[in-house]
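Okay, so chain A shows up in both of these, paired with chain B first and chain C after.
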Partner chain A sequence: MRDDIFTKRRNGNLVFLLALLILSVGSIIITEYDVIKGFTSITRAVIWGGSNFYPDAESLRILPEIFPKLQETVLMSIAATTVAAVLALVLSLAGSQTTRINRIFSIVSRGIASLFRNIPIVAWAMVLMISFSQSPLTGYLALFFGSLGFLTRAFMETIDEVGNNSIEALQATGAGYFHIIFQAVLPASMPQMISWLLYMIETNIRDATLVGVLTGTGIGFSFDLYYKRFDYHAASLVVLLIVITVIVIELVSNNVRRVIL
Partner chain B sequence: MALLELKNVTKNYNNECCALDNVSFSVDKGEFVSIIGPSGAGKSTLLRCINRMVEASSGEISVDGLISSSLSKKKLRKLRTKIGMIFQHYNLVDRLTVIENVLHGRLGYKSTLAGVLGRYSQEEKSQAYRIIEILGLNEQIYKRCDQLSGGQKQRVGIARALVQNPKIILCDEPIASLDPNASKIIMDHLGNISKEMGITIIVNLHQVEVALKYSDRIIGVNRGKVVFDGAPCDLTTRQIRDIYGSESEDLIIDLGERHAG
Partner chain C sequence: MQFKELIVQETNNICEQLSSYEDRHTSFKELFLTKDTINFGPIKLLDRASIAMRTVILFLTVLTIYFFSTLDYQSIDVLKGFTDTFVNFKTMFLNPYAQRFTLGEAFYNVVVTLGLAFLTTLIGGIVALLLGLLAAQNLAPKQVTNLIKGFVAIIRAVPTILWVLIFAVAAGLGSAAAIIGMSFHSISYLTKAYSESFEDLDRSVIEALMASGANWWQIVFQAVIPSSVTYLLSWTFLRFEINFANAVAMGAAAGAGGIGFDLFMAGGFYFDLREVGFITYLIIAIAIALEVFSTNIKGKLQKSI
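For the complex of A and B:
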């Protein structure tokens, strides 16, 4: 019998690998993707990038021009994320299994969360452009909607993870709903929620660049502009600055996490 | 009049018969009552019916002269302030300090705003300090509860119940997760509370010998029915068989020791 389990497991793994192989090869054949050409062109891309796509001394002149743009992008991401977090907190309290008021609230808030989460941020940006044209507001709202969906889901799971125990205890003492939320649920889940919030801010700064390309605002627009002018040195400087910014934000939020968790 | 009275209390989960089947008994002020019985006999359900954490399907429960099933939500909260509860898994908010967890016992007396903001009066704080001192937790008072041992956590649970100024304390398997030393400390505290403060203790227990040692009275439950209700000295091997059914042959109980000691 025991051998049977091992044989079964091995066969299961083999079947899984085979299925993966068929899927992969099938996709390559159907899309007529040339694997060899794909890999060899990577080296060509690297050679091209190395010889053109780097910031030179001359491109540094654009620094005063793009710093305000970078600042705008970072601040917009932070604003969108934090405002979304406040709303997400309310939605998640209404939606979580442990703190929901009743089924209907829970279904509605879960519905809102999954609607916002499942529409890609790029789609949000395009749709919102129709109403708000190319303005920072469009970018702000696109980030806001995306964050709202994600954070609601993340917060809801955080609250569920904290569990029922302390809620039960406080109910037994005669504490009311808001007492329990503020004295037990929030203190227990806040550090994890802040951690999600920091992650969302990092992600949004990256996404803000993409949204900026579409909505013509912030650092994304600068990149788009230089790139389309074939000013690759300036464009690469913009990319480098974005990378540095994201790394700095990541370092800061890792430190914050270490302190609060 | 008895402090707590149950009349024909029945509880069905999902129309299945019967977590509790026609349970009737009454408990006086200051009594120490142990409820024993096999797992799944309905001990936890019985305890939770008393403070309406679980709603009884039929029957009548009166606490301190009030019939609990007829109470409005607000009055139920008020009744619960009179009934402390401690749990097998302590059910503390682990990220908060000992004193904060103890003061949670006062939330039932507070208005929504005062409770949400955690504003406790000087009196309440000094009462909490006094109780913490009685339970020997002076050194841990500002420690976070996730840094405490199991026995210390359970003492915080007891302090939280005591700070409610309860008339009854319900204990749901208070020592099931503790080592023998910590178990003894907890049971000694519970014994003192009933003797010296005149607070009624009702405790669900797995260990028959502990029940024999500490109780004024033992209630044996099997399949939702009360099959024994009397003084520890009246509990015979035959009655233990009634309570635990056929499993009793395997029980590690030495009734002879009781008579010797």
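For the complex of A and C:
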């Protein structure tokens, strides 16, 4: 009997590894990925980076140009997340199992969340660029729609986790719908929601760089500009500033999380 | 005050009765109410947590208002922009049509994007498995875990697109740069997820194996990985979904090919909204299929283990 279990387990593992191998080979062929080139490029990139990709004294001249762009990007991410969070709160209250008014509301808001979450940010950026051209609003709206989908889903799960007990207790005392929302549901789910909000801000700052490269706005555009001019010292300074910004925001939100959760 | 005394007295009575049943030296009364004074003062409304939450909300609101008040509206007509966008969305979603490629070509490009996502997840998963073991606090010394966690945090702070573009200088624009560049974020994300799954393992299991003379590799392969394999796989599937979205974006922004590149050409080069709509529908369908697939797999894995 014991041999059987071991053989079975070994066969299972073999099938799994074989499937992985076939999928890998298939992917390598279809994406025309040169495996050797891919891995040797790491060492080459390190050597190249060490000799070219660092901010030198001369690149510091771009700081006055960069700081307003960085500030714009950070503010844009925060504004997009905050406004999206307010709407997501309404949608998630309408969509959650515990607080929904009726089935139709729930299905509609779940549908909106799923649609917005799965539309690629590239598609948002492309469509919005046609009407808003290279303004910060393009980036703002692209981030906003993506965040709305993600936050609605996250908030909905948070509200579902709060559970029915406190809601039923309040219902028994004769409290109305809005009393229940403001006295039981929101206080209980607020810490987790703020944690999601902070996570979304971090993600949005990174995504803002991508949207910036695509639509020519914010800090992403600055990077693209220096990168395409082969001014790698300046480009590396932009990367450094983004890294510092993201890490600072991560540290702040970790501290906030430690207090509220 | 009357009420408070009543409660204290009543509790004392109950405790005395209870301890008279017990044959022990310690009475319940001594245990619970010797120096307890019940405080019936008003409940504190603002503790540290709610102050922190209010500060965060206030801060974010102020920054949002500041962003909108300093936004440069002059170069664009906001109202016209919104109506245009609405019309564009209508064209996109109600009249999707592919002009420049056939359905077969579109599917081929979707498979290319899936391939990019798969290779990225595979490389990320293999490297992260090793780093995750070294970053788990119950398996590695503290200095090593701190070093790896810091390293991984820095990798994560650089946006994926920048990793890909940096590697593109060394490897040229194309799938090699995209896969290696995207792998960095997968490594960072999966290392964090894996190491947290490893840390969930009960310490006594590791100690029991150590006491029986097992070495580090035996502990890893016989206890750590088998007990966390469900979590590892579900995190990996989740990352695959994220990598699919990333691969679309990198196709558009870094010339990695696949459906993302078609999307970029349709939107940014030909301004063909009907084609953008078609590609968007295709991507949404694949993303939802992946989500359903991974939910099913997760359910099956949890049942089988």
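Brief remarks on what is shown
Operating definition for what follows: the second predicted complex is superposed on the first by the 243 of 261 C-alpha atoms of A that agree within 3 Å, B and C clash if a C-alpha of one lies under 4 Å from a C-alpha of the other, contacts with A are read in each partner's own complex, and residues count from 1 in each chain.
As a convention for this text, contacts are C-beta pairs under 8 Å (C-beta built on N, C-alpha and C of every residue); 3 or more make two chains touch, one makes a residue touch a chain.
These numbers come from a predicted model, not from an experiment.
In the superposition on chain A, contact is made by A:N118 with chain C only, not with chain B. When the two complexes are superposed, the chain touching more residues of chain A, out of chain B and chain C, is C. When the shared chain is aligned, chain B comes close enough to touch A:A175, but chain C does not. By the touch criterion stated above, A:L87 is placed in contact with neither chain B nor chain C.
In the overlay built on the shared chain, the residue A:G38 is in contact with chain C alone; chain B does not reach it.
After overlaying the two complexes on the shared chain, residue contacts for A:L20 are found with chain C alone; chain B is out of touch.
In the superposition on chain A, contact is made by A:P191 with both chain B and chain C. Comparing the two complexes, residues 191 of chain A contact chain B in one case and chain C in the other. By the touch rule above, chain B contacts chain A in their complex via residues 51, 53, 76-81, 83-85, 87, 89-96, 104-105, 107-110, 112, 115-118, 157, 160-161, 164, 170. Contacts from chain A toward chain C in the complex involve residues 20, 23-24, 26-28, 30-34, 37-39, 41-42, 44-45, 48-49, 53, 75-76, 78-79, 81-83, 114-115, 118-123, 125-133, 135-137, 140-141, 190-191, 194, 197-198, 206-207, 209-210, 213-214, 220, 223, 227, 232, 239, 242-243, 246-247, 250, 256, 259-260. Residues of chain C that touch chain A in their complex: 48-49, 52-53, 56-57, 60-61, 63-64, 66-68, 70-72, 75-76, 78, 80-82, 84-85, 88-89, 92, 111-112, 114-116, 118-119, 122, 153-154, 156-162, 165-167, 169-171, 174-177, 179-180, 245, 248-249, 252-253, 257-258, 260, 263-264, 266-268, 271, 273, 276, 279-280, 283-284, 287-288. Those residues of chain A lying in contact with chain B across their complex are 165-166, 168-176, 178-179, 181-184, 187-188, 191.
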